[in-house]
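As written, the chains take the letters A, B, C and D, and residue 1 is the first residue of each chain.
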Amino acid sequence: MSPYLFYPLACLTIAGALGVVLNNNPVRSALSLVATLFLLAVYYIALQAHLVAALQIIVYAGAVMVLFLFVITLLNLSPDPADRTSPLFGAAALGSALLLAVVLGRALWATTLPGAANTPLPEGFGTTVVLARQLFSEYLVAFELTSILLLVAVVGAVVLAKRDPSPADMDAPAPGREA
Amino acid sequence: MVTPNHYLALSAVLFAIGSIGVVVRRNLVIIFMSVELMLNAANLAFVAVAYGRGLMSGQSIVFFVMTVAAAEAAVGLAVILAMFRNRQTVNADDIALLRW
Amino acid sequence: MTMHTPAPQEAALVVDYLRYIPLAPLVGVLIHLILGQRAGRAVTNIVACSVVYVSFMLALNAFWSIYTGTPGTVLSDHVYSWISAGEVSVDFSLKVDALSALMCMIVTGVGFLIHVYSTGYMWHDPDYARFFAYLNLFTAAMLLLVLADNLILMFVGWEGVGLCSYLLIGFWYTDMAKASAGKKAFLVNRIGDAAFLIGAFMLFWGLASAGHPGLSFANINANVDALPHALVVGAALLLFVGATGKSAQIPLFVWLPDAMAGPTPVSALIHAATMVTAGIYMVARLNGLYMAAPEAMNVVAVIGATTALMAATIGVAQTDIKKVLAYSTVSQLGYMFLALGVGAFGAAVFHVMTHAFFKALLFLGAGSVIHGLHEEQDIRKMGGLRSKMPHTYWTFAVATLAIAGVPGLSGFFSKDEILAATFDHGNYGLWAMGVMAAGLTAFYMTRLTVLTFFGEFRGGAQAESRIHESPGSMVLPLAVLAVLAAIGGYVGVPHVLGGHNQIGAFLAPVVGHHEFQISAATEYALMAVSVGVAFAGIFFAWRLYRRGPEGDKVLSDWLTGGYEGMAGAYFLDDVYDALVVRPIRRTSEWLWRVFDVEVVDGLANGIASAVTNIGGVWRRWATGNVQHYLLTVLIGVAALVLAVTVRS
Amino acid sequence: MTLPIANIEVLYPLMFACAWGLLVLTVEMFSLSRRFVGIGWLSALGLAAVAGISLSGQGAGEVFAGAVALDAFSVYFYVLLSVLAIFAVFLSMDYVPLAGIIHGEFYPLILFAVAGLLVMVSATDLIVMFLGLETMSMAVYVLAGIRKDELRSNEAALKYFLLGAFASALLLYGIALIYAITGSTVLGSVANAIASTDYLAADSLVLMLGVGMLLAGFAFKIAAVPFHLWTPDVYEGAPTTVSAFMATAVKAGAFAALLRIVLVALAPVMPDLSWLMWVLAASTMTMGNFVALRQTNVKRMLAYSSIAHTGYLLVGVTAATAEAGAAVLYYLAAYGVMNIGAFGVLAALTRRRHALQEISDFAGLGQNRPVLALVMSICMLSLMGMPPLAGFVGKFYLFTAALEAGYTVLVVIAVLNSVVSAAYYLGVLRAMYFQSADAEEYSPRPYLNFAVTAAAAVTVALGLAPSPVMGAASRAFSSIILGP
């Protein structure tokens, strides 16, 4: 990616991220997040991760964020003026986060990735075929595990989110259960 | 020339912004969105490293992280929903029944 | 200087019945737990006593094997290998040598008598099954402590007796003060236990690095030379701190007087005859270690002498019959540590034995008095019980004379040997402290006896009519103990008096032999001094208190001139008062109020409240606000990251 | 394309656990009873089978595709986690109806949480480990909040979820940084890369930052100071048997994963970080014990006690020798059993819709319910470190190992801490035996009573005969240390 493209995009991404954090209106926050996720997909394309970029848009922007927006509208969340932190608290948070950003950013900026010495990318890097091969060979366990993970999430979400039957619908208290 | 280091540094910045959001916001949904931002920062780092080192595994990892994020979103929003049903609030300050 | 011949090598004889000695009372515990009150009083009593009797017979058997065997015979019973860590293993092994055989006899013998006594004492208590479960559990733990062949197994018993003591002190929990006395006892003991454990760990580690892994007493005593001197001294001192906790020495003695809240048989068994001597037993067990650490030995001697004198002084001013005995116990334990500190291990153990007899007897006698007076413990409200409770009186009197050091009775021989050994060791200052404490002991014990049994009853006519002598199950143990308290000393008659000091010879294979360097004439002189001091104490106390507790007030009356007309008659008393009683009483009050209650207790309470206050402040950290938690995590990560950066 | 199914036996216990979870989930849908006792039995059966399969399958082939290993270490934790989960299930069989939990998904979620834990403890790839952690966490978030109408249960789930998600993000970013430097997430490769490469200063910095964030993520899961604040709130608000599961099985799983990472993947850098572990260990146990002193709610007290025990366990991680590692493994077993007993007694005292958790609620237990009181006493004394119970033997192993590794001051701090801890454990004993209260009527709770009695018996047995478990722990631990 050319620097002339990268820097403006990076600024936009950071702006989007700040939008998530700073917007009072939850819907605007969510939309900022969607924008940030789209921008990330652009980087993925530039980094030769085409399938990941597509998934980013389909899964994140398409599914996860819709879920967020759905919940926001379901709860009818409006801008909350009470959503402000005390200055001291905010300063502590900002200080820690800045420290994190500076330390991490500087270290990552300066690092030389071992093995990254201008070697050309391997054949088929980033293609769906290569990725799929990897998912079904060395990451087979992880891949199968995600199915359990998603199943647990679904079961859990249903358990927590569905409305319970009213006590009257329940069978009579079983013996041994105190009133 | 834009190197993977640029992306890595950007990811660090996004990660930090996400962590600020998690801490300073009161709205549970926004806190949670900030966590998603942090996960995405990690994803960017994985993809950048994969590109920089010519390793495909980074991309596979991102695939899994997305799954985790989706699962977390489902459960997390359900938790928030259950909470909202009982208390009619998503403000973190209102939730301090358990303490000390 | 003292000649100390180290213990010779031991020849082990493998037997497999030793395990049943602690196991028998444990079976009793299980029976009490399972049957509970359902078993009924008679069955519970019989079970409780008979399991201890079984232990006693087994202990007797072991004792006999040692006594008749060649000197240095050791019985050992390896049950199984308990903890193995690396090449080191801590075995569940029991060992009986002369020292543990004697201790075992004391624990089971005196323990059995106290169990029998308790059947009478607890006759009216509804919760007797729980009581006997605790008491049997205590006996089992104490026997394990005594029989253990290594430091860690000993620690099992060590903690076990502490726990039982806690449970029994708080037994009558309706009184909150009593429950908190139990807690105090337990926590103070835990401080000592922490020191014990650190000391044990140091030895464990040191011995392993020196190539002699293992914490068996034989291993520690034999290989102490292979350890760095600093480690030996450090471990000896830490273990001694543990001993001060269990055996109520400065600075951890504060719990024992409070522990008198428990039932009186418990005070007799745990807080006089057995548990509190565990510290002395442990030091004697590790005599090889302590002999190699003269600095630690000096500390032991100084602490012991100081405690003996201080506690005896405090005992003078107490008005609660059990508190007097409690401080007396602290004082006598101080003697034992003094003996240990000057290297007279045998004398210390000898005193453990005689003390077990007469102090158990005193406590049981006090229990009998309290029982007969329906829970009255204030000696100012007693008096004249000589005729009402004759059996109790006679036995109590024997014990008083024994502890006072009247020649011919058991306390005389053991105390005299300690004082002689101290003098022999060259510590004249410590010897002087010991002699002063001996005089004070005679004084406060006579005061106690006189106020309790002589003169007129001061508790009111109604209470007087209800006084009764205790039942046979309580009097019989008193009688047995009285005989022992009277003649128990004859196993240790010193050579100058034509005896053979059989107990010294018996223990010599374990704790080494202690030969006096002082001349026979010096020994006679020392004996004369201590006898003189004892009689002086008895005489003063008798003169002052034969008319009742007003003796306490003589001084103040004299000072305000209220005694004008009687000055002539009381002139002698006045002189005693001004020269002896007044300073002692002053010091006594001061020590008790300022040192015990404020300094030591205050320090303990201060530390405790500081800890809980810090806890209270830190607790506020968990505000309940999830945002605060998240911020903490973020700051934590930032700090972690920063720390990592700075360090690399 | 070839699938790496050559030694699929390695996966059998995992596959069985997942499949059994599905089976229980399906059967539960047709459950007629709202008490779900049959479901509980079915779950316990499956867990027992997991333990059996893993014991029989050991050595079939150690590693599956570099992702999961069935070495002695995994087997040790498979069995330990299964046993702890069986205890939790038995506790729940009476507790679930008592607490008014109407969701039969309770048991399948426990099974899935166990499946996640199994992955965590046996994963040899950081990402697989992360996925296992997340699977487990998802299930536990839901379990914590399964009493939906209870505000406290809601709040517990929410706090655990938010903090957990935050910690997961930290953990993931740490993995990303480690991946950036080593180019792999497979533990062995990470270790080799770290050991073989001659790093530039900046690289080692990134690596250390990654390690730091990874440790922060784990510090959250094991409840180490300052990442511990969620623990008391979540343990208090969650259903008691879920708290029991979290305090024992989840902690054991997190420690297992931490050990694998710290002592396998990061072994070359850990000497530089031992000071950090030292500080974590010391502050965690001191904090936990001091605050526990001020708790009147037994559940919160146990939560702070669990923080304190994290501190003791971290002493072993700090020492990082073979003996210390084995001691940590043993202590996790001992701690798990005695803690499940303590939480179990708490669950046994539940009255419907009434949280029976204050220390004063234990008054008179010694008179009214002597067996429960005895069980609680054994557990409290063991947690306190009273010989000859399991807690003492565990501390003995831990502290002697740390001493041998030269951490004298840390051991002294730890021993002093255990003195302080006696005070609050004693508070419970005091209430049970030295205070009286009227007897209450309780419904029969056979499973609960059985489970807590068994836990107390195991606590005693582990103390009296630690050798079998300790032997297994030593073998387990030595199986993960890379050979020379």
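Keep this in mind: a residue touches a chain if its C-beta (ideal position, glycine included) is under 8 Å from a C-beta of that chain, and two chains touch if they have at least 3 such contacts.
Because the structure is predicted, anything quoted here is derived from the model rather than measured.
The minimum number of touch steps separating chain B from chain D is 1. Farthest from chain D, judged by the mean position of CA atoms in each chain, is C.
Centroids of chain C and chain D (each the mean of its C-alpha atoms) stand 43 Å apart.
If you average the CA atoms of chain A and of chain B, the two centres end up 5 Å from each other. Averaging Cα coordinates per chain places chain B and chain C 64 Å apart.
Centre-to-centre spacing of chain A and chain C amounts to 68 Å, using the average Cα coordinate of each chain. Across the assembly, chain C contributes 619, 622, 624, 626-627, 630-631, 634-635, 637, 641, 645 as residues in contact with two or more other chains.
Annotation for chain B: residues touching 2 or more other chains are 8, 11, 15, 18-19, 22-24, 26, 31-32, 45, 49, 53, 57, 64, 68, 71-72, 75, 78-80, 82, 93, 95, 97-100.
Counting partners per residue, chain A has 85, 89, 93, 96-97, 100, 103-104, 107-108, 110-111, 113-115, 138-139, 142, 146, 149, 152-153, 156, 159-160 as the residues that reach two or more other chains. By the touch rule above, chain C contacts chain A in their complex via residues 627, 631, 634-635, 637-638, 641-642, 645.
Residues 85, 89, 92-93, 95-97, 99-100, 103-104, 107 of chain A are the ones that touch chain C when the two sit in their complex.
Interface residues of chain A facing chain D in the complex, by the touch rule stated above, are 103-104, 107-108, 110-115, 133, 136-142, 145-146, 148-149, 151-153, 155-156, 159-160, 164-165, 170-171, 174, 176-179. Chain contact summary for the complex, chain A toward chain B: residues 1-3, 6, 10, 13-14, 17-18, 20-21, 23, 26, 29-30, 33, 36-37, 40, 43-44, 47-49, 51-52, 55-56, 59-60, 63-64, 67-68, 71-72, 74-75, 77, 80, 82-85, 89-90, 93-94, 96-98, 100-101, 104-105, 108-111, 113-116, 119-122, 125-126, 130-131, 134-135, 138-139, 142-143, 146, 149-150, 152-154, 156-161. Across the interface of their complex, chain C is touched by residues 158-159, 162-163, 166-167, 170, 201, 204-205, 208-209, 211-213, 215-216, 219-220, 226-227, 229-230, 232-233, 272-273, 275-276, 287, 289-295, 323, 327, 366, 370, 374, 381, 386-388, 392-393, 396-397, 399-401, 403-404, 411-412, 415-416, 418-420, 422-423, 426, 430, 433-436, 464-467, 470 of chain D.
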